[in-house]
Amino acid sequence: MLGSNSIGKEFVVTCFGESHGRCVGAVIDGCPAGLPLAVDDIQKELDKRLPKKEEIVSARREEDAVELLSGTYEGFTTGAPICVLVWNKEVISDDYDAIRHTPRPGHADYPARIKYLGFNDNRGGGRFSGRLTAAFVMAGAVAKKLLQLAGMEVLAYATEIGCVKMRAAPSLEDVKEKTYESSVRCPDLAVAQKMEEAILKAKSEGDSVGGIVECVALNVLPGVGEPLFDSLDAELAKILFSVPAVKGVEFGVGFEAARLKGSQNNDSYTMRDGEVEAITNNAGGVLGGLSSGLPIVVRVAVKPTPSIAKEQKTVDLLEMKDTTVQVKGRHDACIVPKAVPVVESSVAIILVDQLLRAGLMPKVLGVEAVGESSDATEEN
Amino acid sequence: MLGSNSIGKEFVVTCFGESHGRCVGAVIDGCPAGLPLAVDDIQKELDKRLPKKEEIVSARREEDAVELLSGTYEGFTTGAPICVLVWNKEVISDDYDAIRHTPRPGHADYPARIKYLGFNDNRGGGRFSGRLTAAFVMAGAVAKKLLQLAGMEVLAYATEIGCVKMRAAPSLEDVKEKTYESSVRCPDLAVAQKMEEAILKAKSEGDSVGGIVECVALNVLPGVGEPLFDSLDAELAKILFSVPAVKGVEFGVGFEAARLKGSQNNDSYTMRDGEVEAITNNAGGVLGGLSSGLPIVVRVAVKPTPSIAKEQKTVDLLEMKDTTVQVKGRHDACIVPKAVPVVESSVAIILVDQLLRAGLMPKVLGVEAVGESSDATEEN
Amino acid sequence: MLGSNSIGKEFVVTCFGESHGRCVGAVIDGCPAGLPLAVDDIQKELDKRLPKKEEIVSARREEDAVELLSGTYEGFTTGAPICVLVWNKEVISDDYDAIRHTPRPGHADYPARIKYLGFNDNRGGGRFSGRLTAAFVMAGAVAKKLLQLAGMEVLAYATEIGCVKMRAAPSLEDVKEKTYESSVRCPDLAVAQKMEEAILKAKSEGDSVGGIVECVALNVLPGVGEPLFDSLDAELAKILFSVPAVKGVEFGVGFEAARLKGSQNNDSYTMRDGEVEAITNNAGGVLGGLSSGLPIVVRVAVKPTPSIAKEQKTVDLLEMKDTTVQVKGRHDACIVPKAVPVVESSVAIILVDQLLRAGLMPKVLGVEAVGESSDATEEN
Amino acid sequence: MLGSNSIGKEFVVTCFGESHGRCVGAVIDGCPAGLPLAVDDIQKELDKRLPKKEEIVSARREEDAVELLSGTYEGFTTGAPICVLVWNKEVISDDYDAIRHTPRPGHADYPARIKYLGFNDNRGGGRFSGRLTAAFVMAGAVAKKLLQLAGMEVLAYATEIGCVKMRAAPSLEDVKEKTYESSVRCPDLAVAQKMEEAILKAKSEGDSVGGIVECVALNVLPGVGEPLFDSLDAELAKILFSVPAVKGVEFGVGFEAARLKGSQNNDSYTMRDGEVEAITNNAGGVLGGLSSGLPIVVRVAVKPTPSIAKEQKTVDLLEMKDTTVQVKGRHDACIVPKAVPVVESSVAIILVDQLLRAGLMPKVLGVEAVGESSDATEEN
């Protein structure tokens, strides 16, 4: 099957919906049966997209109450596809008519118009909108529950926003405790404060800023990955480049590896307490497309939000002449904070898919049946 | 992607939902942009599952009002995935407790219990219920609109029910005009009358009957099909065996071909009015897995409804001893009439998928943009 | 991935080659590592396509010496793709020029010419030739070794050829011992004798005959199959309709089920020696798309070989006028005997794929490493 | 299908073979029929992997004479799968025994051993070897011919090796004329000279260096890409991370985008000669996962070859104690030069796949049939 709105091969996530359509949702096919799953498990993750400080994000305020339409019974997944969605309620599409036919720089407007001959729904960016990432997060919530059972964990955080960078790698404790305490999802709260200021400054100038999201996956067994082409890093990169605004992906020391010598870059092995251990993790936990047993470390570059209030040059596609556009509507001056849970979810989705493919996660969880029952009738 | 609840490779249909869950739905990914599509187009097809005479079908009466959740804008498809569903409202799950742990003969109860360790939702058959075929029909409605634009047509009808058979092949006119006039979906109304009687007799005896559904696809160009493995007949057979209760599939003369000589079975060619024509159509329109240009003719055997009121032998899986079961609930004494639009839809889905794969259907319909617009903002 | 020359989702078989090209081969991706596999394991199965009596088969005599090009090391599979092929050596393409532009009735010539605009290699049928089934059998040989380890077995045999039928179901002993003793692959040697006569008679008349191949799969656990669309019967039907000349597929009582009542067709359960057992197997071992635990029983209708020496009506596509064709070349008057190992292989391929998908077959076999080694260098 | 050794959904490339096995090859399924294709077309591209100066590359000297096993007829592709391979002849596996059980730092040895329980063929890196990229290049050669017909071009070159960087972007003329004149595949020959020196210095120290490969794709129409998940950048990133030693991928300004403001990063539009044009190309030709009409610009970070002559710390997995390893064998002190044609091929493969998926490349090329013929017989 090649549905281009699906990702994963055993844990298959299909996304649907548009920014200003009726809803945004996902169908998750291939989730093992027997996973305890309630709406709250998903709601909790989805709420991470909601900012703490209203100033730094879009004025669109969706309640985003998760609805679980299929795939669970008596509190457990059944092995049938899980359909989950949120309704779009706070849609204001009035702003848009003024600037039809003037593609916004940095957006998909122009190529999408050509690809779909104008049939695409472009209210609020349509299916190219960051709002679609709500579907990533809902599916990621299911993936994270599965990883938790397997003793694994995925943690993302902002390391750089608007040229404000964390100086040192954060401690795991800080990542776990402080990331979501910060409105910008940076575990160093002092740095986070400066990042916020950078965002607010850009916003006040009618501009926007980008940044870097780092993500670590802990306790991943060695040997996860399906070479030649479905290797762990290849699959992670694919989903991460599907997140709107991502322009770069690197593992471990990443681009810096190009400047090291082999003797510097190779992660040597040693024995510690009877276990094989690598002394460094320049590889970011991936060797030959397989997990090495060390933490997976991946970093993504997020571009500045293309929607800015400043006047920009563009063209009028009806009159075929130069013009300008000022993007009104409601938008974030920086989408890095929202990207953090999305990156986390994306990595979780791929990890579950790869664990299932490697035979390292069972297709049905739990030994004894819970909802054991054999019902009376089938209705047609 | 290998979601087992998806079919098609370019026109990809993913089904979700359960008989007694919240809904039954489908996501259609890969539908060309620019197709005029309204809820009514789908509702009209779904209503074909609803019987005219209440006596011959299940007492479950769902309103089945189609909801179109994504993928259209201003009356046209956008190229984004189309999510469509019907809510389950008339669910009565009370009947079921009495006979938990006693697998119903002829149903998936026993193997499903083992496969999913009892986590599967088996109220009303869960995802194995014939109710899931509502999703086939909703997706099929979209496929049929596409085929119509391409000048093709798919028509199914019952040729045999409860040992009552049509004697001769029906005329195309009768198929088009009378099939849905008949409660049993047989275009010969005299035969239809006898089929109804056979169903009612079986029902009165607490029993059920099966039958044969034939389907023809008209005006299919030659060369449709993707050998070696995704040939037209292989793909059609796959979806048709996914329809609950189907136990056999054959093309053209089908099993009878095994008894003919090559000289009898081969369809010779001749020129008629400057066009190549085959004199006969024993092949049912498929040669070497490719459409031959003649009508595709496929026939499926539908088993008698396994849910019957008669007492049947089974086992008690808790006490591991012999027992009996009487299936109460609401069920059809014959599912052939409901299978007719499902077969039609299934064939339409595969034809569209294969036309897209062969490059014989455009990815975007229409030359000039309709909803041409370039909107102001993207909301995240 | 949607390569139309691939089948399976975890045990993925990709076929390549043509009848008169350089070779016919397969790449098997997803075979568990650790399976003992030698060329002989594959050769032995491929030799089953070779007839015992020369009279009843094509005059083409290929040595068909299997070459194993990748995927094994020190006698075991490695988890890397297995490429296996046979070279075409006995190619005689001279016969063909005489009747270019005159499509042979019953062959893919006409639709293939239209689909590929004449670019297809049609020497000896090209990729539509039955010779491609050598690839099915080579891949099937690997699948059968895996099934053997899992305690399962797949057995096919001819039950009908040229209107000569077996009267009763054969015993398992006869199937195992006599099927390949018979030139026509029928386990009842008296019937086999008459089948041979039917073939020779057809041949002497410049004609051909078809028949029925039945296949049983033994010891398949209950719960194998991936509904909704990748159910066991759907996947089996798909591969079986990919076998050239197959026009019908049915499970268990198959088309006869359409004429039974529910009370007759349902397979009741009983306890025997503490185990749940079905009293009958009308379902052919498949319920709701899942294996039921009983033998899988599937039957395919094979049409008479379209290549016949008799004169047939056809058209001249250059001059666009009626003409006749007599198929010369070397061909079988009945392909049922060759279809028997192909059906067996096809069923084995799907079973392995489905066992892997259900998590019922490990991704790596064997606990201790055999070829344990960590080599010195990587060459680029 | 989920064969992990396949990539692409319509133009599907399946790789097989090992470094020290019998061969390395690819099956290309989905190539349009009617493409003129000869062995030389592929050989010419494969030869680009061969270095001009022997000093800077591995001592392994394979003739690498391409064999074309299927899928062409009378000089044109047929629409059937194309199998192409090179035999391994210069295999020296003697070096390896000395250091079995001691995983080489920076290689897949350790995780592969765990994943495959030691069954993997690890002579010369087995399937993880850079030698597998010969398959990428052979398949890429076919893709490049298709792109050429469509007026597109893909060009890669080294911009940085061993900390020696090109200062400015190269002109297109230099890229086309000088890249392969340079042994290190850098179009600035003065810089190339210094890169060579950096490689030779590292080699003399028993060490290795990495670098950056940049790739541009010219004349790609706007609107190529299949969102949500099969967007152009996501698919390119996936194949590029499948190239051994790649640790980072970025488009356009890439990671630098994270440090720009929206007003700086957005590429504004203007009209030039009646055509819409973007003033800058910070996006690297990809917006919202779709090609924008500007050149696609992608950059990959290649780590230093992990195989180095210097002594490295590792562990002895039999005795579970610390030890050291010195990688002997034959290896490149820098694989960037070899990576250049591999990156070029990888990008070409994905572009063809995406053009086919978007319906922008025909499934059959050419209007009139060339090898028009309808052959006599089919041999089984």
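As written, the chains take the letters A, B, C and D, and residue 1 is the first residue of each chain.
To be clear about the criterion, a residue touches a chain if its C-beta (ideal position, glycine included) is under 8 Å from a C-beta of that chain, and two chains touch if they have at least 3 such contacts.
Here the structure is a predicted model, which is why all the values come from computation and not from measurement.
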item: Between A-C and B-C, the pair with more C-beta contacts; value: B-C
item: Cα-centroid distance, chain A relative to chain C, in whole angstrom; value: 44
item: Chain A and chain B, separation of their C-alpha mean positions in angstrom; value: 37
item: Cα-centroid distance, chain B relative to chain C, in whole angstrom; value: 27
item: Chain A residues counted as touching two or more neighbouring chains; value: 1-2, 4-7, 9-10, 15, 103, 107, 110, 115-116, 127-128, 305-307, 317, 358, 364
item: Pairwise touch network: line, ring, star, complete, or other; value: complete
item: List of chain A residues in touch with chain C within their complex; value: 1-2, 9, 358-359, 362-364
item: Residue numbers on chain C that touch chain D, as the complex places them; value: 1-10, 12, 14-23, 25, 27, 29-30, 33-34, 57-58, 60, 69-71, 73, 76-83, 85, 93, 95-104, 107, 109-110, 113, 115-131, 133, 305-307, 317, 327-332, 335, 338, 364, 366-380
item: Interfacial residue positions of chain B with respect to chain C in the complex; value: 2, 4-7, 9-10, 15, 103, 105-108, 110-112, 114-116, 127-128, 132, 160, 163, 202, 207-212, 221-231, 233-235, 237-242, 244, 247-271, 274, 276, 278-279, 283-284, 287-293, 301-308, 310, 312-315, 317, 320-322, 357-358
